[in-house]
Amino acid sequence: MTNYPRHLISIADITTEYWDLLYSRCRDIMSRPKDYSDAASDKIMASLFFEPSTRTQMSFQTAQLRLGGKLIGFSDPKMTSGAKGETLADTMRMFSAYADCIVMRNPYEGAALAASLYSDVPIINAGDGGHQHPTQTLTDLTTIAELRGEIGGLTVGICGDLKYGRTVHSLVSALINFPRINFVLISPPSLAMPEYITWLLDAKSVTWRTESSIEAVLPELDILYMTRIQRERMGDGASIVYPPEMILTAEKMTRAKSDLCVMHPLPRVTEIEPAVDADPRAVYFRQARYGMFIRMALLLEKQNLPRERSRYYEAATARHCPNPVCITRTNPYLPDRRSPGGFCEYCDTKI
Amino acid sequence: MTNYPRHLISIADITTEYWDLLYSRCRDIMSRPKDYSDAASDKIMASLFFEPSTRTQMSFQTAQLRLGGKLIGFSDPKMTSGAKGETLADTMRMFSAYADCIVMRNPYEGAALAASLYSDVPIINAGDGGHQHPTQTLTDLTTIAELRGEIGGLTVGICGDLKYGRTVHSLVSALINFPRINFVLISPPSLAMPEYITWLLDAKSVTWRTESSIEAVLPELDILYMTRIQRERMGDGASIVYPPEMILTAEKMTRAKSDLCVMHPLPRVTEIEPAVDADPRAVYFRQARYGMFIRMALLLEKQNLPRERSRYYEAATARHCPNPVCITRTNPYLPDRRSPGGFCEYCDTKI
Amino acid sequence: MTNYPRHLISIADITTEYWDLLYSRCRDIMSRPKDYSDAASDKIMASLFFEPSTRTQMSFQTAQLRLGGKLIGFSDPKMTSGAKGETLADTMRMFSAYADCIVMRNPYEGAALAASLYSDVPIINAGDGGHQHPTQTLTDLTTIAELRGEIGGLTVGICGDLKYGRTVHSLVSALINFPRINFVLISPPSLAMPEYITWLLDAKSVTWRTESSIEAVLPELDILYMTRIQRERMGDGASIVYPPEMILTAEKMTRAKSDLCVMHPLPRVTEIEPAVDADPRAVYFRQARYGMFIRMALLLEKQNLPRERSRYYEAATARHCPNPVCITRTNPYLPDRRSPGGFCEYCDTKI
């Protein structure tokens, strides 16, 4: 059996083969869900949400319950030992004693990798600050595969905050592994896709271009992936008007392809006009169910892995990372991990 | 099969036939609970508590667990996407993807009706502000039926805050559908039963009268339904002494019928003296178990209904309702719904 | 069958015979856990955490889930009816209606005994203020028994805050029932073991002595039980340096026995240097799993006891206890309970 990465920390942990395995299991679950209703009946999933996220938390919890599995965890860290000063390492050791896998959302970047060093059970990253959110990308890939029949030969428009949007960075990183994808990046100039992503596109000879409005490109798109621009990021902070060229309206939709799929990770606020919801091409409310099924496949796979005694212990030297929200700031005992290029391996910031 | 209302929004959704169906199922469950321990094993109930209520929440959760069903949800809305600005409509769409029914408590009046427009699964109203709390009434009806053998031919005293007490409005609305019920309404003059209820009693030719103290009428009663008067509602706000004529004491109980049933929705604070608890006629601690069983019957029925794609989408025009706690205030996209008499259908306030 | 105490309020409720029964059941569960995966499938455990404690809560929840049992409860009392003024007595009556046993952590001393008066189902004390935490002691006994083969003939060092440490008071009270235990009490002079414990040691002719540093005694110890000294308790409050003689280091460990077991109830902060974690004699991370198994044995036993209608009602006279955190302060209706020696039975304070 091929060795897949034990933990799911970033989308890079999803190789093409691992995707094929998860997706085919996902399809089997969707075709006969009742046959999986006891598949994880002896497993306990710990969901540790150090910051709130109803959508992601409910998706994982429902997935586990529909496998017949059990749940422990918390969603309000003020109510935990962590609030008493317990380190992330000791928290992972505690939950390793109780659970068969740990699903964690944490506001600090690199928290999932840090957690994986001290856990005896697989860690699934449910979002670490603005860094990675790989199961959102698995949900997006599943949606595309289900609605288009395959992931390939598609013109994909990605719209909104492409500079800070972790979801879109992850989606693009994943889609470049599939054949004949053509990207159109739609954003205000100040929120353009960062260079490390466009560099990746060039390195893989993937065609891409930028546009400054949805209207300019909508008729060409097979997929339109909408994201929300947070208030604080709009221009110089003074203007609070959502840029109209970034809003999808029912009127603009009249010029879109008949088989366009409009996606959105949700929650959406202003960027998709409610009148679009009634359009059958709006698939964002269906993404939730695909997300639940792909998480069922993932949980089944991770919870069946054997326990492995963690071999890491706390190091004595403080780690130097300039990123103020890197996990090494609050957990200075973490081992020094740098990529050859001089990036902090936890949060991917240049040291 | 008769068509019953899909959602349980108000007590008006419980017709006499629906009550008969639920109550007979409830009795079957009480007689052989172990046979129901897997009746909902493949179902997930979402409990969305936008404001706290331990009693109601535990009752629903226990009911679902004793049916072998599963649970997701939240009880602290500060920890949810709603806190990030997600609309009630999108929240319902999200939970529709995960659950087979949604039980919701919300401080805004009309929230349950609003939720039902956007959910693909049945909504059960666990209390919407001061508006409706139908499962409390189902609990009360079950208690009366079990302890008196039938609901009919009873003199029912209702005591406390009858003006703002949603529970008593609902109970009276339900009881008038049963034969030969005679009401005695006991309250301070400033907290008398509102006209829209007494008008209903007259329209149905139900006998009723008012009294200003428990003592004056206690020997006549078959049922005494006690409720709490909240501090803020006592007189002009200055006085903080609970009106003694509204307090039930063991001494007064010496003059009550030997088969009187004293009920209270709980929690009780001052209005029933603790010495009454030892009296076998005090049945308020038993109501909790009846409430759990009738909720089991309700959940079984609702979770077996097929999913139905919601057909509502957000409207563009703001709704005008004078009630500051009407759900339309915080969710202005809700469709305009007015009764022929000019009442807001969400919160029953005259527009 | 011997009559064991119905509730688990303090470690005194664990007689030698009861310990033998629980521990042998625990060993059976550890040897074949899958055979117990449905042992409590029709039981509901209510966990009422009036103050946070992730470790204890997760341990109980996991134990119940691994028995196939169900869970209800809360861990944030701000979100409950208690916050609305509901008494502890009425809260227990409510949860008695729903659950088969109640696990409670409460900041008020004596809360568990108070709860047991009004509950129809067994109460398990998960910690009542600084008073008792019997399942922590059960965890500690299980750990010692498993790692040493038997509890007897051991030199046990107990280190840290021995004055306020409820965990160590309980552990010593339990260990004196086993043969040939020799205690070494290691603490700063201001945090020495209280007289009521050392009086107990003398009364039972148990050998003990005090030391002011770990180093002085480490080579003699079979067990070293470390505890954390809270910042507020260090000296006169000005100094915030943890006393070095109370810190366990890898260097000191070089002079310890090869089969020493280092224990800690966790979370640990400063008192055990992280470098000790890699030492196989450091067993504190394994304690969590033993704690889960002994709680499984306990929950199985308690949840199989028949329900018993509570016979207590609220008394009219206020109780006088000088302890400001005694449960009688917030629940003045509690019956007067004093030991012959004139101690408050709820919190063990001299009246």
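Note that the chains take the letters A, B and C in the order they are written out, and that residue 1 is the start of every chain.
Rule of thumb we're sticking to: a contact is a pair of C-beta atoms (placed from the backbone, for glycine too) under 8 Å apart; a residue touches a chain by one contact, two chains touch by 3 or more.
Quick caveat: nothing in here was measured; it's all calculated off a predicted structure.
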Both-way neighbours, i.e. chains that touch chain C and touch chain B: A
Proportion of interface numbers common to chain A and chain B (over half same, under half different): different
Distance between the centres, which are taken as Cα means, of chain B and chain A, whole angstrom: 41
Per-residue overlap in chain C, given as positions that touch at least 2 other chains: 76
Footprint of chain A on chain C - complex, ascending: 34, 37, 52-55, 58-59, 61-62, 65-66, 75-76, 266-269, 274-275, 277-278, 285-286, 288-289, 292
Chain A contact footprint on chain B (complex, rising order): 41-42, 44, 46, 70-74, 76, 78-86, 90-91, 93-95, 97-99, 313-314, 316, 333
